[in-house]
Amino acid sequence: MGIQRIAMITDFGPGPYVGQVLLRLNALVPVVPVVDLVSDLTPFRPDLAAYLLPALVRDTPAGTLFLCVVDPGVGGARSALAVAADGNWFVGPDNGLLAVVARRAKDLRIQRVAWRPDWTSDSFHGRDIFAPIAAGLCLGDGLEGQDVSPSSLAGWDGSPDLAKVVYVDRYGNLIVGWRAAGLDRRARLQIGPLELPYARTFCEVPVGAGFWYEDGFGLVEVAVNQGRADRAFGLEPGNDLGPPRF
Amino acid sequence: MGIQRIAMITDFGPGPYVGQVLLRLNALVPVVPVVDLVSDLTPFRPDLAAYLLPALVRDTPAGTLFLCVVDPGVGGARSALAVAADGNWFVGPDNGLLAVVARRAKDLRIQRVAWRPDWTSDSFHGRDIFAPIAAGLCLGDGLEGQDVSPSSLAGWDGSPDLAKVVYVDRYGNLIVGWRAAGLDRRARLQIGPLELPYARTFCEVPVGAGFWYEDGFGLVEVAVNQGRADRAFGLEPGNDLGPPRF
Amino acid sequence: MGIQRIAMITDFGPGPYVGQVLLRLNALVPVVPVVDLVSDLTPFRPDLAAYLLPALVRDTPAGTLFLCVVDPGVGGARSALAVAADGNWFVGPDNGLLAVVARRAKDLRIQRVAWRPDWTSDSFHGRDIFAPIAAGLCLGDGLEGQDVSPSSLAGWDGSPDLAKVVYVDRYGNLIVGWRAAGLDRRARLQIGPLELPYARTFCEVPVGAGFWYEDGFGLVEVAVNQGRADRAFGLEPGNDLGPPRF
């Protein structure tokens, strides 16, 4: 199956940056649907987004090209990657953002893309470099570049899971970079001096109680029934959850 | 007229939840346009959203399927509804969210949908249950389920209008769950000790003055010319407006 | 080249207003793609948006109709404009919002649109007046109205550039209404008692240092490497940057 749609994963926020990329893509590949999957990732933290990315992808339909842009700085030098992994495609900077999704892939091909457009701004590489590369892949263009080995990726040698908050959603739930699938449900999650029990979902604990559960992305998520876990525990993206003694 | 488009009405916020539903729908019904109509409804308050819903629908084109997800809790048990009402369709949980739109419909059919996909997450029913039901309706699938009487809906016996703030918009205007059409323009709206007069629109009152008017949805809306009514009156969604002595 | 797509530029915020316009447009011109380019412009400030508009347009593909709605008040009287400028189209209120883009155009035609739909709400002219005008242009309808001279536009006699903050992005960067192209890179930008130097991009200054650079829109932008310029300098949209001694 070829590329059916593009999904954007960025830290661009609510302003004009997502829209400018959408317009560029619409001009380059007008027949390909584009979805703004998430644009409020923590700015400058590809290390956190890397562990959210495979979870975001898990339950999305195959045949999707994920255009991923989260950078630790703006305008820094890093190469552009085009990754084919288990039936999906990923385009983004080589700064660790794509490392976890690549590491977990069974079927993997990584290309370092040397092609650049004639003109780019100094700062808006999402619009000027990565979007045209994504469009080129949709069009089947042979983009100038070379296949590289996975171990050459930035961040390739990171930990399998990450015991940090990687995202806080609008309800104040804390999404952790740790896959829930293999965890014993009797385990407790340590937050400072507290130990949170597992619950299948919100309605199984009293109002105001904290717990961890397997969220809709397959990750450990910390929540408070009818409350905000971020405020209850004073945590934000990047915070450590203590030794992960699940 | 059949289903021309899908509009999402949720409390999902700015994160990845809307995007995940958009991707799922794109895979299931790629030719149907999907619009994220509103995603910042007050979390956990279907009782408020219920009175905003018919107002949001009033001036949208017919032939729209509204995919509505606002839940008081997460993962709780409630059945799934598919409602056909006056030329539009509504899919959502049976928790009162669809009760007002159903109650006001002249032409109404309500189905309790028993069909469930093979797998669902415990928490993300918007993506895993309601979106596939919406797609099934678009495709003309005969979804397993049964017609039920309107009076069996949760929230069916609620009040005709609701004298509460149901939404605060980005300008700080307070949208009230009360239809403006039948109200005498000489009436005053009581907020605590204050009594606000009617004005046709902002430009008809002095800068800083509070007033009520009929908004673009046909509801009573409280505003302050060139100011924020939410701060001026200290009100937020769910707050009572005192006895509705319009 | 005709109209290929519509892009929305508004101060409507994250609520239901953008979605209602998207639904209206989908019903009127279902084959035309619509992108929400930016919806978080400073409320009630067309004077600021006017200087951001040509910058937003600079790197978007030609053949785009920009549906622009930012109003100083709500429901006030001002005429509706349809502007054709250098291969793009603009629809919006005659309140200065379109004046800068018109002033800089080489190829310009301005029409004052007298056509109105049978019914409109008192407040939501974006949905009820401007969206149908945009759709009419897409359909090639001859909208009732008349060509007018550029000098009759509100705001036509404004300054060429504006030394004010016109937008603050999600990273806290301050976008200034001043084109960077002609500026000497040795110039310093004055903010109160401070004088900021130029840098090509973030990675060329120390962490925490403030600087100005040419942003991805071609405007002067004030930033702090790995910091928030809005907080560092205490500035927000509309604030003056002192005499522009670039």
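Labels for the chains are A, B and C, by order of writing; each one numbers its residues from 1.
One rule holds in what follows: a contact is a pair of C-beta atoms (placed from the backbone, for glycine too) under 8 Å apart; a residue touches a chain by one contact, two chains touch by 3 or more.
Because the structure is a prediction, the values reported are computed rather than measured.
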item	value
Shared chain contacts [subunit B and subunit C, defined touch]	A
Equivalent interface positions on subunit A and subunit B, same or different at half	different
Cα superposition angle of subunit A on its copy subunit C, in degrees to the nearest 5	120
Approximate Å spacing (C-alpha centroids) for the pair subunit A, subunit B	31
Multi-partner residues of subunit A (at least 2 other chains)	14, 40
Residue ranges of subunit C in contact with subunit B within the complex	11-17, 19-20, 22-24, 26-27, 30, 40, 43-44, 73-77, 121-124, 127-128
Contact set on subunit A toward subunit B in their complex	4-5, 7, 14, 33, 35-40, 56, 59-61, 63-64, 167, 169-171, 200-204, 213-216, 223, 225-226
